[in-house]
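Chain lettering (A, B, C and D) follows the sequence in which the chains are written, and residue indices restart at 1 in each chain.
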Amino acid sequence: MLSLQDLLLLFTETRAQSELICSFLEVEDYVVQPRENVSPPKWHLGHTTWFFEEFVLKDHNKDYELYDKNSAYVFNSYYESVGEKVVRTDRGNLSRPTVAWVYAYRNYVTKAIIDFLEQTEISKELCGILEIGCHHEKQHQELLLTDIKFILGNNPLLPVYNKQFEENPIEDFEAEWLKIEEGVYEIGHQSTDFCYDNELGVHKTYLQNFEISTKLVTNREYLEFIEDGGYEDVLLWHAEGWDWKNTNNIKAPLYWHNVNGDWHQYTLSGLIRLIPDAPVNHISYFEAFAYAQWKGMRLPTEAEWEIAQKQFNWGTRWEWTESAYSPYPGFKTAEGALGEYNGKFMVNQKVLRGSSVATSEKHARHTYRNFFQPELRWQFTSLRLAK
Amino acid sequence: MLSLQDLLLLFTETRAQSELICSFLEVEDYVVQPRENVSPPKWHLGHTTWFFEEFVLKDHNKDYELYDKNSAYVFNSYYESVGEKVVRTDRGNLSRPTVAWVYAYRNYVTKAIIDFLEQTEISKELCGILEIGCHHEKQHQELLLTDIKFILGNNPLLPVYNKQFEENPIEDFEAEWLKIEEGVYEIGHQSTDFCYDNELGVHKTYLQNFEISTKLVTNREYLEFIEDGGYEDVLLWHAEGWDWKNTNNIKAPLYWHNVNGDWHQYTLSGLIRLIPDAPVNHISYFEAFAYAQWKGMRLPTEAEWEIAQKQFNWGTRWEWTESAYSPYPGFKTAEGALGEYNGKFMVNQKVLRGSSVATSEKHARHTYRNFFQPELRWQFTSLRLAK
Amino acid sequence: MLSLQDLLLLFTETRAQSELICSFLEVEDYVVQPRENVSPPKWHLGHTTWFFEEFVLKDHNKDYELYDKNSAYVFNSYYESVGEKVVRTDRGNLSRPTVAWVYAYRNYVTKAIIDFLEQTEISKELCGILEIGCHHEKQHQELLLTDIKFILGNNPLLPVYNKQFEENPIEDFEAEWLKIEEGVYEIGHQSTDFCYDNELGVHKTYLQNFEISTKLVTNREYLEFIEDGGYEDVLLWHAEGWDWKNTNNIKAPLYWHNVNGDWHQYTLSGLIRLIPDAPVNHISYFEAFAYAQWKGMRLPTEAEWEIAQKQFNWGTRWEWTESAYSPYPGFKTAEGALGEYNGKFMVNQKVLRGSSVATSEKHARHTYRNFFQPELRWQFTSLRLAK
Amino acid sequence: MLSLQDLLLLFTETRAQSELICSFLEVEDYVVQPRENVSPPKWHLGHTTWFFEEFVLKDHNKDYELYDKNSAYVFNSYYESVGEKVVRTDRGNLSRPTVAWVYAYRNYVTKAIIDFLEQTEISKELCGILEIGCHHEKQHQELLLTDIKFILGNNPLLPVYNKQFEENPIEDFEAEWLKIEEGVYEIGHQSTDFCYDNELGVHKTYLQNFEISTKLVTNREYLEFIEDGGYEDVLLWHAEGWDWKNTNNIKAPLYWHNVNGDWHQYTLSGLIRLIPDAPVNHISYFEAFAYAQWKGMRLPTEAEWEIAQKQFNWGTRWEWTESAYSPYPGFKTAEGALGEYNGKFMVNQKVLRGSSVATSEKHARHTYRNFFQPELRWQFTSLRLAK
């Protein structure tokens, strides 16, 4: 269990970080929702605040007065068991509450939590909920960055978010193949540090002999796939991937622009020329799979990745794995509304491992199980080959 | 042809009025687009400005420098013949250009037009285009109000736009039936004042004997229709109207809310109790038609309305007519981009006559032909019975 | 009122004709529904039979025993006021009742009607319903032919329906312009012969001076429009027509196939080379309008067509008019289920005048008001220019 | 490798079985396609025939003359690499080729294969393709039954397919819990008998301690779940399952009908009262999962099922597992068009194990990996609990 001091530090740093991320925005940028799964930044700011109000202050502080009884309605998201909610596709239609209101709401709740922490004996259970709240907000910080990128990167004016944001670390070392011996291995979260429920349950798993690359696929390599007709060869694709690609007229990763024959990519620091030695970015699982097929190789499973990961660098891109998102042995959904969190998404999603340049500090760990539908590409996603 | 002084007055008053309408908004309210046919207020402000830049300054002032060459792309609308445009459903996804940018753009163009007017000999043609530009902006002023109402009126917080806005004049006089004799009548715009091309061509038309009410249908009367099961009686509805009603689960006019058994309606001054003696508001043509069927009567045609209108008061609500929107005899589309204006909508729309509490000053006239798809209700629409 | 003999003749001839039309089909052809508005032939055979059972036998012959109480459910169509019905898009999913069952049902009802006519005193009202039933079935005979054409003409094997069916009469005379003087004219059905309720109400209308062509637009002329880029010039099209054309990738009339550079068209007698001197066929209102715009002319109104039609030949193609389908002055919906027939479609449809090579004998008359949505093309439709 | 005699027997029995299944149909039943994933029976008959023509006769018998060069176009399905194909949703719109044509095509190809087998030295590779062809057709035999059930079971007349078809074996023994010890196990196809490529690659896997029921969940038990509000408790469902259920208004398994308060179910032998002791049938993975959540248990993984299956009876229902359909270690897509077969579906599908009353003889085996999207229910699907 965290000390009060550590908990306060975690909480205040987390709260400040969300606001720092948004400090580069215009008021208008907080409001729009160009796709169903891209939420308006003000919604992220409000929703992470609502979480603390709903699960900490309302439940544990009997003196607490709600900032505004309508807020829950607007900022609840997937917690279907806690009251009515705003349909996800409607979030971008809500001009009110305003951005200024959301910041006032944040301040009110942040202060209320700090006051509460300083005046109350914090139980282990409550400490756990506060930690979840902070990590929940850290997760939304990554979504803030990817949603902001989507909002600005699909605006015809291609505005810069922050000139200093560096998302393309150059990796100019040679790739090597790590060989892992077959046998029984253990995976799952082991320490007492924070983790989500879906990582719990250390358990044995049997791995066959396999090899995994020490390096992510680069833009240069991915471009070869494109130029070799990879997007036109049906045999490289899943049936569903092929339909997705055709329906959406996909011919390159998201944010790639061919300007007069030269490939560029939109980044949070603006439109730049494609950097050949940077890891490929913003591809769907379908594309990652097709690329691996084209190489005659495959994606690693999440267990393979977890066992091998000590021996290579990771952390600039989320890495698609071949594993479907399923419960670990012994996984139990927690009781009550917080139990809605992870289990309900365990179908039709693929696991991604690692973390990315957009992941918040202290939010990355080698047992983290990220997951998205196989067609989604607005996260910082890439691939590592296995065979 | 207007004098320079009148033209300047028309122009400056019109420009100021759009900004006055928006002065009650928060920045966030300018951005959203909750339905395809409801545009973000900042788009209206930019688009009406683009019109003057594109058709006056760019074409007629060789010294003019564009404020920003990307603006046309963002603010062009239905003028398909003038460059690329932003797809209508994407308008609400554009956080940039910002509201501040749009106001700067407005100021730049407004000033450029005034300078140009004061320094140039204005031809009759150019004067005509400027007049169209002003009336085009006046038309968007009404859309601004109705779109703002839709944006705020569909927000779960139901925010007030302007406490002073009065949209429900009480009409407590008795309705009478005007009798009009059959014969040949003339309709169409006759004076030298401004009008749109679709009103032109004064022409004879033959009317049968008919009677028309001196009063719009009231909320009280419409409520009787609802309570008598009007929304559930298939024989009162067009086949297409019945499908529309069922698909959208329509059971009352737009903005009606049943709060604990009492009917309320959202207005630009907030949520109020339904006013029984005010004219019914925000109904579709389909609903107007079903109401008239239920009464054993009908809607007037636009010719009947135009001939009879001198003998009753109008101007608080747009009035659905039975007439489909079609060209008057001899109607010719104007040459070039401005010619796209009216003719291209002359299919699958119904004519509305009169004007409403949201219509801009000097924009109402008895020959005005407004038109919308029969299912739309976000304008201030009502009905007057004929038989 | 028809004599018993004439009524029997009308009835028996009509019933036989529907079966003759279907005699060229395979069993499988009776079943499919490739588009929502194209019904399976067995549905037409059953529905026209159901009409006589429902409105004549069930209502007027107390000794009548229903052939099968489920039949009404399956073969009811738009008569929403008479019991449940099969949703239109589901008709093509119903393999039962079988074709053999439908023919047995037809025979049973046909015989029951004949027996009933021969044994009963037929009232004027009943005679009217029987006449409507026959004309209703004649109308479905044309739909049978156009639906069969759609079913076979969209099959990749392009099977022949009937080698003898002639749908392209060559018209090699020179077109002339008829001039009609402005003034008050009368239109509407005048004789005591059968007509639909939408034609009733002879009434005066005022026409301006106009000219109308004595000849339909030919394939040769329409091809010039295509080759001149008519399908790519936005200024020729309604906004809604332009969207329809783009969404559906329309570049020529329905059933045109460009085979190695030569235009062919599918006909009920198979795929043939395009006949330059035949009237253009299977175009939408949107295309007819765009063609007229391209010529600098227009489509006639239905009143113009009715007044001028004595002076030209018509009958090979339905002719799109500029008129929206609206009630004539004094139009009243009939009481009860039969009243659903025409009025409920009086919105968002365009009137077509004349008749076609697919129209049943004795079903064409100069006051007939056919109507369809402006995008539909599977009827035998063409255009005649006016100015 | 099979002997010639065994191969001939396998082939002729398989071909005859498909026709036996269809012998209970009316011609009309062969034609319709009520849902995208339910193919017309004549398509199954033609497609399985096309497989032999395309991959055996065309490729290996140079004297073979195609029955009709258009057939490939119509009966190709998912083999995107082999020529054009008919879009899946259009299959039900094709009245031609006729059923009679399809039977003639079958006879021609069946005879050509037999002649070819009797006159040629069959290589091991060709023998393999023929075996695949037979098992491919056996797989379509199950689809024929489930598609026929869907076609007739969604017809408002609920026609009987075959009075003798028994799909509800009563299981009146007590369920027991088998306990399996944790450890390394081997799964995958081991014998030299036929199997699909997705079963290959015997490999070790680590299982934790688990228990699995010896009996499928019964209708009686499933009804308790319904009556306890299982379909209304959001916490039991995946997010995607909850949406699916609400969008489609699902409140019970497919083919259940509540007739005056009594539950019935449509079966291939007609509508019957629900049999409490029969295993529940026609449920989606989402429903199976929700049921297991409600019991506080879970579905087995496919590896658990395969290891435990010797100790319980199976074969009346396909059993949903928790396992997503993924490649076994070392899985390689075969070269060429046949390689499209299985791998391309390895995303967003769940594995089902066992077999059903509709599975063809000799087509069931304990390593068989069936797979479907989690929302599909038209197969004979059920669930077995694990914990």
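FYI, contacts are C-beta pairs under 8 Å (C-beta built on N, C-alpha and C of every residue); 3 or more make two chains touch, one makes a residue touch a chain.
Since we're looking at a predicted model, the values are computed, not measured.
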| remark: Co-neighbours of chain A and chain D resolve to none
| query | chain B-chain C contact: same residues or different, taking over half shared as same? | reply | same
| message | Nearest whole angstrom, what separates the Cα centre of chain A from the Cα centre of chain B? | response | 45
| said: Nearest whole angstrom, what separates the Cα centre of chain A from the Cα centre of chain C? | reply: 57
| query | What whole-number Å value describes the gap between the mean CA coordinates of chain B and chain C? | reply | 37
| said: Residues of chain B that contact two or more other chains, please. | reply: none
| request: Please name which positions on chain D make contact with chain C in the complex. | output: 26-34, 42, 70, 73-74, 86, 90, 92-99, 151-152, 154-157, 159
| remark: In the complex, the residues of chain A that touch chain D are 78, 80-81, 182, 184, 203-206, 208, 234-235, 237-242, 285-286, 289, 293, 298, 322-324, 326-327, 329-330, 333, 339-340, 344-348, 350, 374
